[in-house]
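Consider the two complexes below, in which chain A is the common component and chain B and chain C are the respective partners.
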Partner chain A sequence: MSLLKKLSRARWLSSLIFLIVLFTITGLVNPTFFTYSNILSAFNSSVVFTLLAVGISFVIMTGEIDVSIGATMGLAAAIAGTIAQRGGSVVEMLIYAVLLGLVVGAINGVGVAIIKVPSLIFTLGIMGIVRGFVYVYSDGRTVENFAGAFTNLGSKELFADITVYYSMVIVIVLVAHILLTRTRNGKNFIAVGDNIGGATLIGIPVVWTKISAYMLCGVFAAVAGVAFASKYGQVNIVAGSGYEMSAIAACVLGGVSLSGGLGSALGAAIGAVIMSSISRMLVFIGLSSDYDNTIKGIMLITIVVADALMHTRSVEKARRARLAARASNHNSAEVGSSDEE
Partner chain B sequence: MKNSYKENIKKIVTRWEFVLFMVLVAEFVIFGAVNFQKFMRITSIFSSINNYISICIISLFVTFVMITGGIDIQASSIVGLTSIIIGVLWSDAGLNIWVAVLMAIVTAGLCGALSGFLVAYCNVQPMVVTLGGSFLFSGLALLISGFSETPAFKGISGFPGKNEAGEFIAFRALGKFKLFDVIPIQIIIYVLLIALCYWLLHRSKYGRKVFLVGVNRQAAEYSGINAKWIIMSTYILTGIGAAIAGVLLTANVNSAKYNLGSTFTLSIITAVVLGGTLSTGGKGSIIGTALAAIAICILRYGLPLCFGVSTQNLDLPIGIMLVLVVSARELAANQRVSTFFRGLLKRS
Partner chain C sequence: MAKGDNKKQLLRVEKIYKSFGSNLVLQGIDMELNEGEVLALIGGNGAGKSTLMKIIMGIYQSDKGDIYVNNKHVHLAKASSALAAGIYMVPQEPMLFPNMTVEENITMGFKGKQSELRNKIIELMSSIGWELDLDRNASSLSIAEQTLVEIIRGLLREAKILILDEPTSALTFDEVESFFKVVKDLRDKGIGIIYITHRLPEVFEIGTHVSIMCDGVITLNGPVSEFNREMLIQGLLPSNMEHKEKIDITVEAIDYKNVKPVFELKDFSGYGFNNISFNVYPGEILGLAGVVGAGRTELVRTIFGCDRTLSGTVILDGKDITGLKTNAVLKAGINLVPEDRHNHGLFKISSVCENITASMLDRKETGGLLLDKKVEQDIANKYVNDFRIKVTCNEQLAGSLSGGNQQKVVIGKSLSTKPKLVILDEPTRGIDAAARMDVYRIIHKLRSQGVAILLISSDLEEIVELADRSITVFNGSINAEFTREESIMDNLTKASFGIYKGKEANQ
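Right, the complex of A and B next:
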């Protein structure tokens, strides 16, 4: 397959084009937007959303959903906050975050893949429980007054104005993308989401794939929590609630299909940048940020409706082509047998 | 005859609604045993249900959507939208309050119709459409609140309906009226809605169609049911249900705000699922949803009162309840697990 053809099939590419179009429109309305630092800060400020969206994209690709990530993120942020209060290191926070993410993810995975509870419902319950732990852990108080070094880390720039966090995120996203598209285990996620029966028949460990998707999702959400704590400098008990919906929306914008089997980590990351930079672009266009949700909603609905209509059309087209081929076969060979349909 | 009597009992006992009813009874027994004096005060029980009446009402209608195999996570944003429409039309456009209410309900129906149309006629996944809808409608509510002179965060207040004697009349009566000074009007409306939904889902032709579409959409279409319209209508119903909740809430707190109800989504889904509705469609009942919603209300009311659980931390017990209940239900339905337990019983 030629490179061009391959690229035209990549769903993340249309998301990237969409992002560029959005940037261009903003720049045309207000030329001051077109500076290196403005555009870069759109990326830099999307760290939390990118991590959440890439994490949940694994789960969505297997055809399931996880609404507990907002709560997981909140708990990880609260834990990171208390570590920061006593001046602990980021490595320590990350270790705790990864452990937390693995545990929550494993519970979600077992519930969905082994006990076979519908994923929305199971993760909804886990969300309530984890959110409750946030309350218990922080005693109902807001965790604040971090050591300065931790909160400064968020704005520290590594090279060319790219923050430490975003450069980490770039590496993580690229690794995830390559793992998903180039390795056997990575391709399992897509295979399970595309056709679970078929995946079982050719010997893919379906249950384990789902559990590992949830564990990855949990780890990403918990690491996002560390970034969240560092970015905002305080963590209250409802920190991160509602973020799961934005992360799911980011995935959809990035071309990850909610019915599973379609999408990529790169797409989810691009979708997250779109989601988090809308309010920034609105400021440059001159609209108040009150338009934020309306525009997000219209965008989301337009994109999914267009996608669904194109999908229906291609299915219809393929069906017509199949029928036409069958009819011509039928005529030329003059076989008396009827169609198997 | 004795045999069929036994079988009838068995039929009732194994029904999910019976389990929920027992949960409800257990809650009353436990909470009552711990703190009878405080817990058993009828007025405070009623007012606790009143706090969650929006969740109770909306979950009734979301049951319809879920039975067709869909999901609706936009209803909670429609609550805020209706509230702010009533406020702006009444206080800033100067319309009669009842006209404002009517227009708000019609708008909510249209919001539902938009999502329903996209789900049914364009074959978009319900979760994504209503997710987009929840962004869109909460955004619209915020924009509409911009038309008002009152700042958005304050909420439009001072609705009509208090006479000289201090009694609530007209619009405010929808929020504050109490029958015999005990039963709040919201409870009465809720009971009426339960009856209406029960008739609609379990006793009417429409309800049979809703179930059939959920069980097998293609078969429903082949048997001459307009499946697309049925699916779309369930979303319209949910929109109207959310609007009713929004009207009651606005009248009760005497304040029209764009973000009323924004946190309801997950509680609504919890109530519907706990009520025994299959998220894949085809199964569910109004009585189940109503019992589950009330059970959640009583839990939220009783835990802080009797066990000193903080009101901010009620997600934890409800999450545990949801996880345990759905896991147990799945495990009980699992062939391997049930034969394993049967084997254990035989051996002992």
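Right, the complex of A and C next:
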């Protein structure tokens, strides 16, 4: 009973059902879609999106947004690319990526939580700056011709046809999920997004929580950049631009509320699989994959609008209930026995 | 029955001063709270109660003064240090996390093992006799339940000092009763409670001690048993009654028998108020008093079309304007000078001229397709001169004016549409004495021009001074009506706090 109750509260479950429905529809239109390898590669190919979506879900959970993740990812990918060119190790790439993510995230966090610039504007500015660094860093050229086994790393299969990368992602998602739902610090992210005034009153470090959300988000984006470089074997100067929209849409599809306080890393990961499968499913249905971005945009808007409507309605309902309770007080307390007609 | 020295002292504040800008909010507050006491803290709007509580909670810092907890001097720089010192505040509107369960809400930010905490919560709840499903979502709780969750939150932290800010304001009658039982239980357990309220009967029902704050000072203080209601009312009246000069304008009495009301409200109900009926006559100033949360603001917003009307009718000049949108209400001839001029009144980075003509841009006299700059200037000049607005030129940005002049600009904007009824919500809040006099002069001038005026004010003296007639709202309904002669501080204060027992108000 309590397990059922818990499951019904898990918003990621409905995202999973949505994913299954999408797969089923595609499979019904074109039965060749229903092969083991097709389904599996839908997961295997979602590595980059999953990392981005899980990272930004921390920020969205606190009620903010970060549109600089695409650029951060691009810069990390370019750096990883140049390291690969001279045959450097993945560990080295990851160290640079984590450092980059921490720095960009910390700047975003300070701008939003301490200086209190609206998060969309601040991270938009940072996005421009970081994207500029990509141009400067790679001299306007595509970083390619990687040495060694770097590009093969992503497609190496660990067990049951699941790639090394996706197995790593599964571990990361599970860790992030447990962090968010089971630990005290993880729950702070949700609390800050749910009711920032209430969080302050019970002594939660609101500013630090927001900054650390941005830092985590930056690290995830930068690590996604390393995965990106390895997956495609070359890094374009516009690598990752537009990915922020897909990551935000993935979160929203995965049940993370843009008003904050609701959602999970698991949901964001499922949303990412949906997002990265759309172009593949379009191909199987027989439509051009040019529709990819349009469909993503429509999905994002539809869900966000529905979410916003439900949110304002519940806030308004609560306000009215409160006011009504206040006014009805008089009738019972002061007039007492006299009945209303 | 004086409770005395054998009790352990929990909290003492000494000579607390706090000002916001030039506005002195707290002027040397002393307060003491011992074990097992319920200190009822009462005071009018803007008396400084919540500022004081926020200082004790570590949300604001005092400019001067000391706070002692358990006789130890403490420095409360943030909410978490106040929590660590054993202070917990239940805010007026419960601040729960709506998307979390009851249990998560209570244990949030708390260190300790989840399962132990859960047992502790269950123990706590049974010791004060409540049952609440810990797995329910907080968004499904009633206001009373939310308040209870807040209290358990405080108790789990082993708070010895509990601040309850108007906890009963959103509770129904039955809920209030069971809530009082809880408070009495806590009191018997030795917890010290600061109980902020607007309801005087509650002071006697639940308080052991009472403090009255007025304009940032404590005017009365001591065990409840030493006071009666009359004395509390006296304490609530401002001590220095002389400070406002009177303006000598002879007001003619209104001939109520032969004049038809221009504005009628019949059994008007909305969110936050019920069955309100009153009339306003041309050339009359009707004063509307009541404490914060009584429903004044909601009433005005609903008349003005910003919120939904539930039932009743609004008639302006013989026309039914019930439930119209703000734009239509404005066209029909009502205008509002809002309570909060910064957020709802003034266009700060527009010029004085643009502000004054802002409400009338769709009227023909300001030009056809393109706006006629000269007409705009003429209108602006008229109000600047009439109202004695101090500007360097009409192009000065409205945000750069002083508070009083800003308010005059907002009033000018409202009057430029030539309304039949003007609603003034707190027209003199936060402006200096000279500007106040100017605003009063403007109000009198409007009155003599035959405009109907609904004056809402927390400053009861203002209503005494200006209003031809006054009504008071208490808990969302009108509970008293006074003629000019009856509109004295004493009556208005009593009625605002819901203890006026004179003639019944019915119009």
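Following the convention adopted for this analysis, the second predicted complex is superposed on the first by the 293 of 341 C-alpha atoms of A that agree within 3 Å, B and C clash if a C-alpha of one lies under 4 Å from a C-alpha of the other, contacts with A are read in each partner's own complex, and residues count from 1 in each chain.
As a convention for this text, a residue touches a chain if its C-beta (ideal position, glycine included) is under 8 Å from a C-beta of that chain, and two chains touch if they have at least 3 such contacts.
This is a predicted model, so every value here is computed, not measured.
Asks: Once chain A of both complexes is superposed, is A:203 in touch with chain B (first), chain C (second), both, or neither?
Replies: second
Asks: If we overlay the two complexes on their shared chain A, which of chain B and chain C does A:99 touch? Say first, second, both or neither.
Replies: Neither: A:99 stays clear of chain B and chain C.
Asks: With the two structures laid over each other on chain A, which partner does A:321 touch: chain B (first), chain C (second), both, or neither?
Replies: In the superposition, A:321 touches chain C alone.
Asks: Taking the superposition as given, does A:124 touch the first partner, chain B, the second, chain C, both, or neither?
Replies: First partner only.
Asks: After lining up the shared chain so the two structures overlap, which partner does A:111 touch, if you call chain B first and chain C second: first, second, both or neither?
Replies: After superposition on chain A, A:111 lies in contact with chain B alone.
Asks: On the superposed three-chain arrangement, identify whether chain B or chain C touches more chain A residues.
Replies: Counting residues of chain A touched by each partner, the higher count goes to B.
Asks: In the complex of these two chains, what residues of chain B are touching chain A?
Replies: 71, 73, 118, 122-125, 127-129, 131-140, 142-143, 146, 152, 263, 266, 269-270, 273, 279-280, 310, 312-313, 315-323, 326-327, 330-331, 334
Asks: Which positions of chain A touch chain B when the two form their complex?
Replies: Touching chain B from chain A are residues 65, 67, 111, 115-118, 120-122, 124-133, 135-136, 140, 237, 241, 245, 248-249, 252, 258-259, 288, 290-298, 300-301, 304-305, 307-309, 311-312.
Asks: Flag every residue of chain A that touches chain C in the complex, lowest number first.
Replies: So the residues of chain A in touch with chain C come to 2, 5, 9, 184, 187-188, 190-191, 194-195, 197-205, 257, 261-262, 314, 318-334.
Asks: Write out the stretch or stretches of chain C touching chain A in their complex.
Replies: 57, 59, 78-80, 83-84, 89, 91, 93, 95-100, 104, 108-109, 111, 135, 137, 139, 143, 153, 169-174, 176, 271-274, 293, 295, 298, 474-477, 479, 498
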